[in-house]
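Order as written gives the chain letters A, B and C; numbering starts at 1 within each chain.
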Amino acid sequence: MEQIFDIYLLEALINGLLFGGVLALLSLGLNLIFGVIDVVWICYAEIVMFGMYAIYWLHAVYGIPIVPAALLAIALTGAMGFLVHYLVISPILGSPPINQLLATGGLLFFLQSFATLLWGIEFRNLGLRLPVLQWGELYFSYARLLAFGIAVIGMIAIYLFLTRTYIGTAIRAISQDREIMTLMGVDSRRVYLVTSVVGGSLAGLAACLLVLQYDVHPFVGLSFGPITFVICVLGGLGNMIGGFIAAFILSEIISIGGFYAELEWGYVLAFAVFIVVMFIRPEGILSKKS
Amino acid sequence: MTSVTLVNGSKWGERRYLAGAIVALVLIVLPTLNRELPVFGTGADWLAYPMHIMVLIMIWSLAYTSWSLMGRFGLVSLGHGAFMGIGAYGTALLWNYAGLTPWIGIPISLALVAAVAFIVGYPCFRFRIVGHYFALVTLALSEIVRQVIMATRDYTGGSLGFTPTPYGDGFSLYALQFSDRTVFYYVALASWAFGLWIWWRVDRSMDRFALEAISEDEDASAAAGIWVTREKLKITILSAVMTGFAGILYMQYQQFISPDTVSGIAISLQIVFAVVAGGIYVMFGPTVGAIITILLAESLRVAIGVSMVGLDTTIYGILLVLFIIFLPKGVLGGILDWLSRRKAG
Amino acid sequence: MLDVQNANAGYDTFQALFDVSLEVNAGEAVAVIGPNGAGKTTLMRMISGLIPIRAGEIRMEGRSLSEVRPHEIVELGIAHVPENRRLFPRMTVEDNLRMGAFTKTARPQFRERLDYIYELFPRMKERRLQYAGTMSGGEQQMCAIGRALMSKPKLLLMDEPSAGLAPVIVQQVFDLVRRIRQEGYTVLIVEQNVQQVLQVVDRAYLLEAGSLQTSGTAEELLASDQVREAYMGL
């Protein structure tokens, strides 16, 4: 009896790990944007939602093969990232940060209801049937494994982009000293736009992975948006490595909570842990204790 | 009242009080009008719908005004959905499962709201969690409450919502259930007026100056002898309890609640936005915000019908973004600014 | 090379510079000296585009700086070593140097310039993978100068290179300035450390309360009573 129990727990742990990969990818985009532009896109998960719809339409309705459909969806969310910055954030860059947060909150409402307007509130899914893998007595969904793998590849790609290119170096530098970027010959506005496009594209990549496992509907953003913000704050806003670690900690908490009770309790536990940790380390888990 | 110094000149001030008195009188007399007047078509209860809208506006105005109590000092909470939810679900659950009359259930729920506000607020303020961080910590609170409601669906009905058990013939002081809309109209009117009075008291208190100083520069305020944590906690708990009360009113009035209508991030954001749209720094700003947002939603719903679900909130979302970009002080704030500029110029 | 004509600048309602005119010729090292708050840093920031010029004109090799956007000024050959060094503390020395070669014209020469900087400052090569913020003040100054030189500038602006450093290190920093001169760079330097700086430059301007008071060769200023009394405590 105990033997079986442990195996299910192990399965939950591994599923938590796999889920953590997608969460880490989601928080990476948000963290990147926060680190560079100093603004929280509350509507980030809604951009993901549009990405999911894009794949759904392109693949399930228009029959475009999944890979090009995914690439097109990533391009679309990248373009959305551009527009969010260009139309909404850049006019109010000088106003209090909280206004920027609220403006993107307005976008959240807009994107959500616009999706409802366009596509209704039905739940839609890709209709892909991915096999379940068996390994000994453990079962894993292939979709989760694939999502984890692609999330890891995506994060490695971002790491290389940030460390090996000039614009990537500038993206890392700009949060450390905004003003002197001008002295380096860097056009901050361009860095902001590039960051927004990259952040938007990451939302698209996350959408590709989520759509493999979940139905898409206009309010799907609300189901993983809050946890993404919480991961970013827990890791220290703008701290990509912290966000990475926080993603796995929280996904394990959710998974184990869901294992012992219902999934919602997993989330409750994760949010509660978050609040408690914030009191111990307000600047995120990787900060030095004040 | 006569001793109040009127900054804008006495004539404008007098007119303002006169206008206020007239509005108050109209609001009080309105429900007593003859409902069978043939003015509006059929002669049926033509007041029913406008009064329903007004009750909603007043209840939400109370919630928005409560939020603005702290929001105006830069304490942007995305957790007020949680306070509404705790108040509403707390009172309703106590009624259904413990048989407690709302007269006892309301104080218990509000005490719970205050306790939650304290538990989250104290460490936040003690450890200087401000700005984005405060917004996101309180957002987590919103989400916790919503998830708890979902997780305890055996009791709360989860996303399907929750209905307090009807009591008697639908008119009961004991259960605070009134099938007659007029009663609720007056309850909501009094609560709304009470909320404004609290706003006014805070606006004229020393705490206001302390909180303004804190929002300008926390270190300097602390150095100047302001007990930062205590000031922030006071306003937060006050704001939370009033918001919780608005949630209770909403529940008692609608006799139905669901996580989507009284908790979660969507409601928290709705609260913030209505205040921003109306005007965060002026007394009637949140009320104007409630009027604008509810009338907009209702008129779009009536004009377009349900065939285009989402159009109202689509427009609403765009307007919010435009407000924040072009009119950060809100409609009423903008108008008052414009008036005073015109007067000065 | 650099020609500043009747320039005015300031912050919000506060005007910090009044009709400042100065020039720097190719191959020269010029200092601007003056007390705290005289507007020296403002002058530097104005030249490199960090704050806008309100009236007057700045020309670099005949081209007006108002024709280009602030971040394009580097590409005209002006590099700025800012006050307090302003390195990117949580990036490696090499990443900091890479940022110095950000412009399109500098990128193709990155390797070449990097080798040159490492040759000039072997210490930087030792520290190349260390976080810039963890180095000593003198090393940070070296890194900041190296970063500015990465773009192969014609004119190097140095803002208070000795500020905030221990006396021993200050001496090293002025040695650095001498070496930069020997490398053939044109230098405009702002300093409070008047005695030291006048020994490494050709000419100097005295800036007080936002206006240029006097100018002359380093020897003339060293000999001038005005400067000796006010700034050297003699």
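Operating definition for what follows: a residue touches a chain if its C-beta (ideal position, glycine included) is under 8 Å from a C-beta of that chain, and two chains touch if they have at least 3 such contacts.
Because the structure is a prediction, the values reported are computed rather than measured.
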Report task. Identify the chains adjacent to both chain B and chain C in the sense defined at the top. Result -> A
**Report entry** Chain whose Cα mean lies nearest the overall Cα mean
**Finding:** A
Query raised in the report: Which two chains have the most contacts between them?
Result: A-B
Query raised in the report: So what's the Cα centroid distance for chain B and chain C, whole Å?
Result: 56
Report task. Please work out the Cα centroid separation of chain A and chain C, and write it as a whole number of Å. Result -> 43
Report summary line: Rounded to the nearest Å, the gap between Cα centres of chain A and chain B is 32
Query raised in the report: For chain C, which residues count as touching chain A in their complex?
Result: 48-50, 69-75, 79-80, 82, 86, 88-91, 95, 98-103, 106-107, 147, 151
Report summary line: In their shared complex, chain A is touched by residues of chain B numbered 74, 76, 120, 123-124, 126-129, 131-133, 135-137, 139-144, 147-148, 150-151, 264-266, 269, 272-273, 276, 308-314, 316-321, 323-325, 328
Query raised in the report: For chain A, which residues count as touching chain B in their complex?
Result: 34, 40, 42, 88, 91-92, 95-99, 101-103, 105-117, 120-121, 218, 222, 225-227, 229-230, 232-233, 237, 261-262, 264-265, 267-268, 271-272, 274-275, 278-279, 282, 290
Report task. Using the touch definition up top, name the residues of chain A that touch chain C in the complex. Result -> 166, 169-170, 172-173, 176-177, 179-188
